[in-house]
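Just so it is clear, A, B, C, D, E and F label the chains in written order, and each chain counts residues from 1 on its own.
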Amino acid sequence: MTFTAWIKTITFYEILIGMKATMSHMVHYRPVTEQYPHEKRTLPDNYRGMLALLRYDDGTEKCVGCDLCEAACPSRVIRVVSAEVPGEPTKRYSKEYYMDMTRCLFCGLCVDACPVDALGMTREFEWSVYDKRQLHLNKEQLLAIGDRSFPVREKQLELQHPNVAFFNVAFKHLPQKPG
Amino acid sequence: MSAYGADLLALLPELIIAVTACLVIALDPITPASRRDLLAWLSVGSLVICLGITIGQINSVNTRVSAFSELVVVDAYARFWKILLCSVAGLTILTSLPYLKAERIHLGEYYGFILLALSGMMVMVSGVDLLTIYLGTELMSLSLYVMTGLNRSKPRSLEAAAKYFVLGAFSSGILLYGISLLYGLAGSTKLEMIAGAIGTRGADDPLVLIATILVAVGFGFKIAAVPFHMWTPDVYQGAPTSVTAFMAVAAKAASFAAFMRVFVEGLGGLKADWSLLFLLISVVTLVLGNVVAIVQTNIKRMLAYSSIAHAGYALIGFVAAGRGVGLSGGTPGLASIMIYLAIYSFMTLGAFAVIGMLRKGGIEGEEIEDFTGLAKRQPLAAFLMLIFMTSLAGIPPTAGFIGKFYVFMAAVEADLAWLAAIALVFAVVSAYYYMRVVMVMYMRDPSPSSVAPPRLVTSPTLSFVLACAVAGVILFGLFPNPLVSFALQSVLTLK
Amino acid sequence: MTELSLRLAVTFAQILAEMSIVMITVATMTYFERKVLGWMQDRMGPMEVGPYGLLQPVADGIKLFFKEDIVPAGANKAMFALAPMLTMVVSMIGFAVIPFGPNMTLDIFGITIKPFVVADINIGVLYILAIASIGAYGIILGGWASNSKYSLLGGLRAAAQVISYELNVGLALIGVLMLAGTLSLVQITEAQAGGFWHWFIWGGRPDGFFPIHTQIFAFVVFIISAVAETNRIPFDLPEAESELVAGFFTEYSGMRFAFFVSAEYANMTLVSCVAAALFLGGWNAPYPGTIFEYIGLEQLAWVEHIVWFAAKVYFFLFLFIWIRATLPRLRYDQLMRFGWKVMLPIALANIIITSITLYFFPR
Amino acid sequence: MVPLSYYLILSGIVFLTGFVGVLLRRNIIIILLSVELMLNATNINFVAFSQYFHDVAGQVFVFFALTVAAAEVAVGLAIIIALYRAKSAINIDEFQLLKW
Amino acid sequence: MQQVFFFYFALVIAATSVLVVALRNPIYSALALLIMFFHVAGLYVTLHAEFLAAVQIIVYAGAILVLYLFVVMLLNLRQDDRYHRQWPMAGIVGATLVIEAIILTVMKGWTAPVVVTGTEMTVGATTNAGAIGDVLYSTYLFPFEVASLILLVAMIGAIMLAKKDIGEC
Amino acid sequence: MTSSFPWLSLLLVLPLAGAVAVYLATESAARWIALIATLADLLVALPLWWLFDPQAAQMQFTEHVAWITVPPIYYSLGLDGISLPLVLMTVGIMPLCVLASWNAITTSRRGFMAVLLIMETAMVGVFVALDFVLFYVFWEAMLIPMYLLIGVWGGPNRLYAAIKFFLYTLAGSVLLLVAILVLYFYGGHTFDILALSQGTYPASLQTWLFLAFFAAFAVKVPMFPFHTWLPDAHVEAPTAGSVILASILLKMGTYGFLRFSLPMLPDASRAFTPMMVTLSIIAIIYGAYMALAQVDLKKLIAYSSVSHMGFVTLGLFVLNQQGLEGAVLQMVNHGITTGGLFLCVGIIYERTHSRLIADNVGLAAPMPQYATLLVIFALSSLGLPGTNSFVGEFLVLVGTFLWSKVATALASLGIILAATYLLWMIQRVVFGVPSPHHLPKLSDLNQRELATLIPLVVLVFWIGLYPNPLVSRMHQSVTNTIASMSREKVAPTAHPSAGGTTESLLAGSREPLTAQGSSR
């Protein structure tokens, strides 16, 4: 142990350095705290918030009840009950659609998996509730979230094949659709 | 600056011992394990110096010198015990050296504790104030508690320590209560003040008697007199053998020394009462110690009961001292205790040294059966054991006889021939169990089925100790004159 | 008899006043600590309840008061209930001998009292040590009675720690006691009057500035040991969150929890008071006399004294928080080694050196 | 004023209790606590006598008794802990390696 | 007034000392002892031994009893304790000591009241602590040093016994 | 007397030096060194026979050196007519013992020889000590060597026999110590035997002291109720041990009676005479009767010892000149005769490894020399005129006759019985038909064995035919003893502890012993 090290030990030099550091923070007080309820931070562009079901511009549900989202979900949030559209045997739709948001971890895999872009992630995040059963959302609620978060809807094309799952899966990396 | 110069000079031996003890403890961590012997030699060196100083004091200061506001004195009586205790401690250390190594508990602190216990004992023997005596007793006892539990790998050792501790603390509590009552009687803890107070209050004061009994009980535990003996066998058996030797010899001697001083100098006015009390105690001690020793199969346990019995013999001298007529009438009795204990020290130390040598496999062989055929394998060791056993049995021309002779002479002088007769009858009983050891050593052939016959661990230091012990036993048996006259002169300084 | 009852009444009033001062300090401290910690960590601290969160202690108190009182299954109910009270009481009664202000007397209703100290007993320092030493009981008992391994471990650690460091506290004070020659806190403080160089931390002789009897080492030992004895970071092993959840009060909630916490703050305050009184001159200003005296307001000098005392105490309290903000927690063996192998020898050496200097340069 | 004998009776009772406790209890810790009772009884005696004689020596004796008590406890508890490690027994009649 | 205090203290001391022995849970025994220590300290204060009162609490309550509790908890002793089979002996001893107490009560000579001349027993010092300190470092210097050796023994001994691993030779 | 040469000390030191030398020597050299040491001792002792002045009434060859100052104990030695023959017999028997053990002892011969030599010192010391404590020291010092002798080198049941011997003897002798101490305080603070013999003691005290002495000496003799250790010890001991036991150790008891009980406690001795005589006669008849029933040679001789020692005690306690002289003579005779018998048994045991009479029959043909010697010793033992025992027993019976005719008649019965069992033994051992099984082992005596036995045979006939030198040497001492028994009764001394005893204890050391009125 050299002399300086010894001096440093007996004068608690290191500790004093540390205390000086903390003191300097107090003296130059620049809080990084955000007073959250009062002021909210700006969300980043790619923020992944609450999930929602989307509609076409004519108000029809995009979802075709293919169950791919349910299969993709790592947390088993989604439950889909699909059914044929009455009178149109080739068309299917989701008769019931549930999301248990207490389990969702907002990974976005379901959105990726959806062949018809029927799922979207909104920017909503303040979803605290008193009863966690309220976070078990059904189709109507999800659609309502979609309605209020995505006011601009995608247009349903006439020639669009009613079941485009095949194409969309095959050409996943197509350029982004407008809107 | 030199306000205490004279006092310190008077207590130089204690000082040296205590300082060396601290030095040993301080040096222990920085001493490599291979050189721990040096600590032992340091301790022995200090003991030799101390012995020299104490012996030197005999000629220079032959009166009673008080030191430290008359809390301690240096008189011939104290010096007698100091010389004895220092020698015993030195021999114990030398015995311990090979023993501790063989038991794998060779710790430097051990020597420090021996020295600390010794300084406690020296305070005990020179204290003339109950406070000093009590503190000395505690210093000794605490060191011994720790030393008893030193061999922590053996639960037996710890168990012995626990028992010793519990009963030791209990007894010191009783002793302290007695002291507090004496303080209340006399207004001081000085022995002479207490003697004065008893003189004025009279001996029939119930409180005086209660205090005396409590103090006697407290000391009774320390000297292992029946019915306060119950710790002895367990502790002697469980403790490491070298510690047992130290305990059996030095602790007992020091306790007796303080005991005598307290009862003669402080409570001398109650002679008639306490001599009756000790009469009963000594008879019971003799009977129980000797009779129970017969059935023991463990030699340390056997020696423990024998040590109880020997306390009984020494107490006879005390009874005689109490019965003595006139002012100095108790002198032969007291001197006989001193002679007895000095001699007892040598023989017991020797016996324990031999026991400590004995190894059976890696462990200590301490059953009496382990001595089977020792005479064939180790004639010299067996011969030494024979001499020690003979001496313990009190058969001439060994020193044990001289010890018993003086005790019984004191008893007969005090008109207690019947007590001497009883004691002697039980000496025969004791001879039976001592001779059984001899029998096992000499007359029984080792059974061929025994796995590994015990072997002996010897070393030059141990040989030296045995030589000293056997020389003491033989020389004091043949030429007891120096010891006797020293004891007789020393005891006169006891007021 | 009337005088006795009067005296009792006055004493009770004093106790009440003192306790309220302490409780207010404790309440303030809970807020103060969070705030200061926040500032040091570039946060804001409590801000919601009241302006700048000033009513936070009140809110906390109300919350804890109304919280459900849970006794764990298998707990020893009596001991479980006793432990926080014991801790609390012990931490409070120590203040009885602390002189908050100058040693003046006041005659009211025909009896003489000392307004700034409840009991000026002649063994004040010993009293403080005695009280501090039994503070461990509450912790040990609480830990044991909870029937939880975390609590028990916390309690055991607390016991070991308190015993180890209390020794150092006591030994650190001995130098001061030698200098002052008395055990009474009032007299010790009085002995330091007349400027900061007379404070025992410097230990200058009355006739000179040279700090021959300096107790600064003792002071450092005392402060560090005091931090350890009050179980504060970096010595908060008994309640180490990352290892023992919350140590001895893991199982506590509600008012009992509050008792433990406030006892901790009260203890901090107590050791701060002791440090101020023993090392930093207590109520004495760092200059001779008082400003009020110079400007002719002798009767108001006590205000200045009290302000100085409060300033010193709060400095120490701030120091506690500051250290907490800076240092991480020690490991258990480090704690013990530090106490026995570093603090103890320093304290002992200080005693020896002080006695030597006192022998050659008597005060 | 309180007569001295009152103090003596008190200390006698405490001493007696401790004494009986040592003989009666099996738990070694409680036995040691009983020994502490005995020592405290002694201390009461000493202080009372000290006051009676106006002699501070009795209090000094108490001081030493306290010291010794502390030392005894340190050693005793160390023994108990070591023993417990070795044997997990704390009642004295469970010590059976050596006959009691 | 002093008698009131005495009887209060004496009652609590006697009661708690009986509890120490009678209670089955070691923790309760220790706590009863704690209460007793405090009352003994109080008794000391009434006897003008303030220094000892403080030391009593520091040493007994603060150190000794904490150690006991520490060990009780370390060994995790619960109430598995039974009484020893020594009732007869205890009874005899108890009876003896009760007789002692009776003797003490009826004894003459000490029933005279304690004469309190002043507040302190001044032996050249102003306070109780000072008085004790004075004699401790002058008259009782030698026992003081012996006591220091006792503490040394206790310290080293406790370490040696309780240390987990021991350096073998 | 004749010179200041320390004959007796030399007598004591020589064997001790021999013991040390033996211990340091090799196994093979041990027996030679032992033999040399014992012979040297014998050579030292022999001149005393001629140097001894038969007319002198007092102790001769005295040595007087202070040993312990407080209390005054002296290394005080001396010989008179009683102890002279016993000392001579002791030193004479010892070389024979060494020779007898020449080949018999195979294990740790060094130890055996050393023990023998230590025994010799102790035994001689007992006979020459003139200080009571010194006497006691020698007395007790014999115990351990004898214990080892029996226990280590003895027969199959040696452990039992050894411890029995040890405890019996020790138990007897411890009371002796108390008696010695009591005597010290009543007899003027001295341990000097002669001075104590001059003292007078209160009658009640004498009774107690006599009983204490009796316990010690009667066990050693052994007298009738205390004899049970003897057969065991004799049977189990090696030959040398048996010889020492029978020849010397038993004499110590009677020597003790003669030296201490009678002169010091005359009143008690007189009072106890009927008891002692009764016990003696019981011993004579009982011992003889028991001997009749034995099938073991050693046991037979052991019981014959009981019987013969009964004659000695009988002679002692009839308290007249003839009785005492006969007793002393008989002590010597019994030593020689019984020693010879035991040696004979040892010789045959070496050959057949059996002590049973049934195994050793018809030795006359294969071992004529042996048979001759055995017959001589047996005849001596039964008191055939012309052999030594006749003289002694005759004197004893004469003495008894003066005291009581009935007792004489009963004692004579013992002689008749002795003739019965010994002749019966001879008939079987000497004149039978040897079993073919043992016949090849039965070689006659070799030279060493002859050397062992011949000296005893010579003594048998010498004393038997010409006892006068012996009797004349002991006459004066016996007269002294008788005289001291009939000395004037002095008023009982006051209790010794009346004055400051410490002062007297301390002062006693400075006074010369002669001032206390010994006859020196």
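Going forward, a residue touches a chain if its C-beta (ideal position, glycine included) is under 8 Å from a C-beta of that chain, and two chains touch if they have at least 3 such contacts.
Computed from a predicted structure; not experimentally measured.
J.: Quick check on the contact graph: shortest path length from chain A to chain B, in steps?
T.: The distance in steps between these two chains is 3.
J.: Please identify each chain that touches chain A as well as chain D.
T.: none
J.: When every step has to jump to a touching chain, what is the lowest number of steps that links chain C to chain D?
T.: Between chain C and chain D, the shortest chain-hopping route counts 2.
J.: What are the two chains with the top count of C-beta contact pairs?
T.: Greatest count of contact pairs is found between chains D-E.
J.: Among all chains, whose Cα centre is located farthest from the one for chain A?
T.: F
J.: Kindly work out which chain lies most centrally, taking the average of its C-alpha atoms as its position.
T.: B
J.: From the C-alpha centre of chain B to that of chain F, how far is it in Å?
T.: Comparing mean C-alpha positions, chain F is 41 Å from chain B.
J.: Taking the mean of the CA coordinates per chain, how far is chain C from chain E in Å?
T.: 28
J.: Could you state the distance in Å from the CA-based centre of chain A to that of chain F?
T.: 122
J.: Could you give the separation in Å between the centres of chain B and chain C, each centre being the mean of its C-alpha atoms?
T.: Between these chains, centre-to-centre, one finds 52 Å.
J.: What are the residue numbers in chain D that touch two or more other chains?
T.: If we look for residues of chain D contacting two or more partner chains, we find 8, 15, 18-19, 32, 48, 52, 55, 57, 60, 64, 68, 71-72, 75, 79-80, 82, 92.
J.: Taking all chains into account, which pairs touch?
T.: Every touching chain pair, ordered by label, is A-C, B-D, B-E, B-F, C-E, D-E.
J.: Spell out the residues on chain D that touch chain E in their complex, using ranges where they run on.
T.: For this pair, the touching residues of chain D are 1-6, 8-10, 12-21, 23-27, 29-30, 32-34, 36-37, 40, 43-44, 47-48, 50-52, 54-57, 59-60, 62-64, 66-75, 77-82, 84, 90-93.
J.: Which bits of chain A are touching chain C when the two form their complex?
T.: Within the complex, chain A contacts chain C at residues 15, 18-19, 21-23, 25-26, 29-33, 35.
J.: Per the contact definition, I'd like the list of chain E residues that touch chain C in the complex.
T.: 27, 31, 34, 50-51, 53-55, 57-58, 61-63, 66-67, 69-70, 73-74, 127-129
J.: Sort out for me which residues of chain B touch chain F in the complex.
T.: Its residues touching chain F are 324-326, 328-329, 331-332, 375-376, 379, 386, 390, 395-397, 401, 405, 408-409, 412-415, 417, 420-421, 424-425, 427-428, 431-432, 435-436, 438-439, 442-444, 479-481, 484-485, 488.
J.: Which residues of chain E touch chain B once you look at their complex with the stated criterion?
T.: 100, 103-104, 107, 138-143, 145-147, 149-150, 152-154, 156-157, 160-161, 166-169
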